[in-house]
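My questions will all concern the structure given below.
We call the chains A, B, C, D, E, F, G and H, going by the order they appear; numbering starts again at 1 in every chain.
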Amino acid sequence: LSADEVTLDFDRGVRIGLPEAIFAAGKSTAQLEHILALGEARGQAMLITRLEADRFAVLAEAWRTRLDYCAVSRTAILGDPPSPIGSSIVALVAAGSSDLPVLREAERTLRHQGEVPTVFADVGVAGLWRITSRLEQLRGFPIVVAIAGMDAALPTVLGGLIGASIIAVPTSVGYGVAAGGHAALNAILASCAPGIVVTNIDNGYGGACAALRIARVIRASQNRPDRSAAA
Amino acid sequence: LSADEVTLDFDRGVRIGLPEAIFAAGKSTAQLEHILALGEARGQAMLITRLEADRFAVLAEAWRTRLDYCAVSRTAILGDPPSPIGSSIVALVAAGSSDLPVLREAERTLRHQGEVPTVFADVGVAGLWRITSRLEQLRGFPIVVAIAGMDAALPTVLGGLIGASIIAVPTSVGYGVAAGGHAALNAILASCAPGIVVTNIDNGYGGACAALRIARVIRASQNRPDRSAAA
Amino acid sequence: LSADEVTLDFDRGVRIGLPEAIFAAGKSTAQLEHILALGEARGQAMLITRLEADRFAVLAEAWRTRLDYCAVSRTAILGDPPSPIGSSIVALVAAGSSDLPVLREAERTLRHQGEVPTVFADVGVAGLWRITSRLEQLRGFPIVVAIAGMDAALPTVLGGLIGASIIAVPTSVGYGVAAGGHAALNAILASCAPGIVVTNIDNGYGGACAALRIARVIRASQNRPDRSAAA
Amino acid sequence: LSADEVTLDFDRGVRIGLPEAIFAAGKSTAQLEHILALGEARGQAMLITRLEADRFAVLAEAWRTRLDYCAVSRTAILGDPPSPIGSSIVALVAAGSSDLPVLREAERTLRHQGEVPTVFADVGVAGLWRITSRLEQLRGFPIVVAIAGMDAALPTVLGGLIGASIIAVPTSVGYGVAAGGHAALNAILASCAPGIVVTNIDNGYGGACAALRIARVIRASQNRPDRSAAA
Amino acid sequence: LSADEVTLDFDRGVRIGLPEAIFAAGKSTAQLEHILALGEARGQAMLITRLEADRFAVLAEAWRTRLDYCAVSRTAILGDPPSPIGSSIVALVAAGSSDLPVLREAERTLRHQGEVPTVFADVGVAGLWRITSRLEQLRGFPIVVAIAGMDAALPTVLGGLIGASIIAVPTSVGYGVAAGGHAALNAILASCAPGIVVTNIDNGYGGACAALRIARVIRASQNRPDRSAAA
Amino acid sequence: LSADEVTLDFDRGVRIGLPEAIFAAGKSTAQLEHILALGEARGQAMLITRLEADRFAVLAEAWRTRLDYCAVSRTAILGDPPSPIGSSIVALVAAGSSDLPVLREAERTLRHQGEVPTVFADVGVAGLWRITSRLEQLRGFPIVVAIAGMDAALPTVLGGLIGASIIAVPTSVGYGVAAGGHAALNAILASCAPGIVVTNIDNGYGGACAALRIARVIRASQNRPDRSAAA
Amino acid sequence: LSADEVTLDFDRGVRIGLPEAIFAAGKSTAQLEHILALGEARGQAMLITRLEADRFAVLAEAWRTRLDYCAVSRTAILGDPPSPIGSSIVALVAAGSSDLPVLREAERTLRHQGEVPTVFADVGVAGLWRITSRLEQLRGFPIVVAIAGMDAALPTVLGGLIGASIIAVPTSVGYGVAAGGHAALNAILASCAPGIVVTNIDNGYGGACAALRIARVIRASQNRPDRSAAA
Amino acid sequence: LSADEVTLDFDRGVRIGLPEAIFAAGKSTAQLEHILALGEARGQAMLITRLEADRFAVLAEAWRTRLDYCAVSRTAILGDPPSPIGSSIVALVAAGSSDLPVLREAERTLRHQGEVPTVFADVGVAGLWRITSRLEQLRGFPIVVAIAGMDAALPTVLGGLIGASIIAVPTSVGYGVAAGGHAALNAILASCAPGIVVTNIDNGYGGACAALRIARVIRASQNRPDRSAAA
């Protein structure tokens, strides 16, 4: 490994309030271990995404024992989890049980930043009662991350029912025209419900970061007046 | 016009119970008038689709006065309308008021065959009450043609609520990723609600024909036992 | 497994006459076994689709012995099969012998609901006699599910020859421009034969459900007059 | 015009805090005038989007004189503008001067709801100083709507520099591979900067609605503690 | 017009037996007239393709009177037509009457080279009898150019019925998923009938040239033994 | 294996002069062995395509010993090879050595029908001398099958140099925008050289069948006058 | 026009040696005139691209008389042309005469910067002699901009024959699969000739700028040793 | 292996100054060893690209010991490396550490030709300081190869900051809409920074060859006046 291969952006946390996550896909084991060493040397907590179980298995044992690894979400966390910031203001809503890996990636990213979400799983609109029966509870959350694959009708239905900020994360669940999540992505972008925003397909990490950008403003606003709300 | 340019399939009605419709796009005025003359000579009612208003305007006056033309649906009908067959068994459901041209094409195709549909317009799921408040009424129809553009969440929501045969017609309403109706089409094909079927984009005529194929079996079944139901 | 990961829609059968099928792709073994236990606890027959042989092989033996598994169609069924409802009113027609997995998924879904189909396999139009020689027999069925990959010319040819309801299921058979079934799908959607409807690629389950939606109306109509035909 | 063609969702404002906007594309003049009359009868302010100048020109004069029309953004507003809610908390940032129509649609949507944005136009990253020189000012806004076409590098650069909520609106500016905004859309979705969210191409209205969903929570939070922040 | 803008390939006829055709789209009127003058100066017959009627109308009158123009096929021919070479060995078969412009482009290209085709128009497979009733006649032609849009099932059905060389020309007839002829193109390329070859969409000129490449070998072979058959 | 799964088209050879080839992809081992048995029972030679080495390896030994298998082209042949028909009239030209599998599939298909081609391999235009130095030799063939991947410039260059019938077979060689052969396919279809025709990507079998359709006419023509040339 | 709509990057010339060009598409007449006034006030020469003739025609007469407008290339230049820098080191090579608008855009951009190119027009490879006969002349240029549409085989053939820097500009000439230049673009990117680089479709301006980036290094190198060559 | 399968273009080096590289994908082990033997027999250094580690492992040991193999870049080199030509004039700039395989392929291709590049790795614009802090150093290089995946904003930002020749190489890093590098490719092609050129996705070899084409002119120019600069 050349010393010049990695240039970590350690002050990102200071700059934008979100720490750099390490995208494991395409990185060699040597690169990952080098990055972990750099992080540990600075005493910085780190989040690794897209770390497949077989990639995790070949890390040095010393790293494996220190990492909090989750095979479902393919994430690993270095360092102690922060204390929860306050009561839950982010709802994670997933349409089907096959969307769980993305939901867990979002959940772990949020918890990694001290933001504990409330989970509503397997509430897709093909059984509409699953979402309408929990609508009152959902209306209590200012931020909703809606995770759905296939036709992704869930964010649209939610968008017409609640006024919260809705961040939709399309998933690659499905086959044929589902096209690895493109049908879901396009359906959400073309939604007839107003003001729904989207991340890349399967990007639970991105959905969580978008929620964090809003959550920090809300938490800051609760103590401060007007315009000074910015992070 | 060469005599050999047109080979009409006049016995289609006998063969499959659906008359040949004339697809006007790409045909010259001379071809259209020649086809009308052939139809009239046989005393056969004819349905012309995709006939834009400016194309209709340049037909010979003799034809214009004899045709029942509708600019919204771009259809023209030659010959007297048939008597309605019986009480309405087809519901036409459209998500938005911009879907009206497709809805009207389907409606006129059905009426051209004596099948009078019941219309539910502008009932998209961004205002969910619009569909749920009429659910009991909708449950009375064995055949539902669901017309929707943009994200086309309507057929999915319907598919989880009613057991009727649902024929979805995606429309080209929308822009950007709506992509001329492809997002709607793919969302319906990838629907998590079971057994929804689809036609080409904006194909109100096709949706009506699919409904007619089923309707004829139902009407035949009402008087006959089991297997002999086929048209 | 968290208790909140799965929200089964058990009353779908009551609501729309089609039971929830379990889409195995993307679900963990733990999720699948949890779902089976929920189903068994309610005494409900269950259909699992897209369950690859290597996924089936790692289920607990207790489940494997109780499931009726078919590797060709990748389906597993829990519970006793229902009695056939009556004489066969659904024809399953497949263009090539490579389309068999999709045909079998459709067949098993129909049988799971007591609807026994009649199968016409390997009758693609490149050898036109294969379909024309069986045309009279085919004309006896009010519902035809036409399964075809590559150029999918079969549904178009059928559509011009018979008046039955035709549900086309494109398959991913082929390579290059066949593009995982997209060429077949688009060819059917653009068909010059009127009133053919389509499901997602390789969706034998969906084709069967669409047939069931119609079949139930037909069977109901055989005993009842007019409008009350709806499910 | 049939009475049943339009089913307005008037209580959307009560339900989700965002009034229904009228999407003019695909609606007939008769439909638009009917909708305006319905709105006026209820004394409700209305926003019409995608109303091209030649479509506006053929509305009845009575409507034209009462509408506040803007040809650049293709929007028309019925009713008096609301008073601004407070100091500006939304920044509208556009990469090029060709993005102006989308920027103006967003601006007018926000103002229609009393939320007055601050505009930063023509600050694309090909001249990086244009954005870096205004960075301190930008850091004062908790919500940034970033509008960009072509390669849409602006949201990525912003995303690494500020912690605000960033809603990116790709535009159709460009040609060739820009593909009507798809290159911009995909670049933003694939951004290496964390937590950027996206709307449909050219959807200034949607970007504004997404900002409104957040803004209302912020304004509500400024007066209330924790969890009760939801709209 | 700069003298260096045009470099005509006059000896193409000598080299490959096919004269250069002038593709009018994208060329200015000045360029077209310059090219015509160059051709006339050499006494060479010329074929211009894709010359829209409004482009033809603005050519100098001197050129208009000397050109044999056909608005349907958008072709213009300079110079006297050659004598027919012999009895017809090329069949032009078109699926629908909307395919006529492409059929005429192919027909005029063939005639321009002395090869007189036999035309079978409007014989698409949705009315299968139209093709089967003329099958014996078709079997007399060693070269068949099959022109079809939408789902383009015609070449596949022909390919299973006759042993001639089949050159398929997909057309842009259709809408929605027909996608300007891409569905037709892909269906033909993915055909389950063996040995069908394809040209670009709407390329009647190309289909005719492919037929000419074969026709010349056949005509040469009729007088010569074996291997020396090449042009 | 159900008896009804396979409907072989044995008289295809009589009908169109090309025997049915068995497309192995998607067929089970049981299906393949059943088909071989049917063929052997009729004493008919059979060609199997797309039979991967690991699929071949699991056939019953009795079949493996009787099949002439070629791993490079993934083809297996049952039955004795026919005698060569005459001197070679088909040239197989491939651009790169990575195109060899497709070239061999075409070569074996031709030989299976007694048509022995002449091979020109690795003569792509990036080293133009490779093709120009062999041009005189190439001009001796009335039929040229040109096989090329990546940008597939070879058929275009050939098309401007020789008058033979040129059947281009795009290959999936390449990466990125080569897109599994789509760039090659589109480049050939859009070729500025006239009258080049194309098959599906990697379809060496199809290219050979197209050549056979022409070759049979040529061989027939050498002994017969005019119009009676058809197969 | 708001004062804040335009933020010109006047010091781009100082920074990177290439002045900002004004992309007229999507800008209003008011914006264009405002930009021209800003440029003129600074005495800066300006290049406007993508200015259609009907857009130019509605500029104020004062501007029209001062602009050097070219309808073929859709470019307008404000200010005096610079003196040519030296002998020509850039060759502009175009495959067909329909590529002229792109060639002229490149030519005018180069001349606007004092770099006078040498033009080789209409030398596509379907008539290979057109390029080989001028090869010696072409070898004298260190920079070649190769402009081609349809299958764009020209850059590949050039790339195998000359060692110069080759910048390929695909054009939108063609139809069907040419797909607005995407087939040409992909063919060049997938070229088997090494080291060819590409710009966006129809981007003659971009091809010229890429040539200028190289030309300036060459001209600087001619007077300076090694590494100090950078602009 | 047939003797006729390979036609190496050994004089490419003489002709265009770039030796033929062997693209290993799609070639058999026998072909690769045959090519190596041909190269060694001529005493010619050879570069093999896209040689996966498992493909390298099955080469004959005699070849493995003589090849300089690099698993990260999947390249193998036969023959001694040349001496470096002079001080470094090519900068290789990569956005992320996952782009390293492409960077190494480019680096090894350059070194294979004696051109030693300077590497700037992991300097993507999400942490803008990484590029701006090294800007002065970067300005010293006349040729910059910019390697980036995902949204590929790096080349655009560089393009507005430096006047060097910028060759962008998009990489397949990313998922979902990143689409194997297509989002990166399109973003660069649509860049608002002028004169950036692009290679195929992941084509480090091509980026290096493009740099070599320019580098040779620069090195030649340093000793010679004007126009005679061409290679």
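Everything below uses one rule, namely that contacts are C-beta pairs under 8 Å (C-beta built on N, C-alpha and C of every residue); 3 or more make two chains touch, one makes a residue touch a chain.
None of the values given here were measured: they were computed from a predicted structure.
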Note, CA centroid farthest from subunit A's centroid sits on chain E
Ranking F-G and B-D by C-beta pairs in contact puts on top F-G
Between the Cα centroids of subunit D and subunit H the separation in whole angstrom comes to 44
Distance between the CA centroids of subunit A and subunit H (whole Å) is 36
Two or more other chains are touched by the subunit D residues 9, 12, 96, 126-127, 159-161, 176-178, 182, 185, 189-190, 194, 200
All chain pairs satisfying the touch rule are A-B, A-C, A-D, A-H, B-C, B-D, B-E, C-E, C-F, D-G, D-H, E-F, E-G, F-G, F-H, G-H
Per the touch rule above, subunit E residues touching subunit F in the complex are 9, 12, 15-18, 21, 86-89, 139-143, 159-167, 185, 189-190, 194-200, 205-206, 208-214, 216-218, 221-222, 224-227, 229-231
Contacts from subunit E onto subunit C in the complex sit at residues 95-96, 124-128, 150-153, 156-157, 159-161, 174, 176-179, 182-194
The subunit H residues in contact with subunit A across the complex are 72, 96-101, 119-123, 126-127, 130, 173, 175-178
Touching subunit G in the complex, subunit E uses residues 2, 4-9, 12, 20, 23, 25-28, 31, 35, 50, 172, 180-182, 185, 200-203
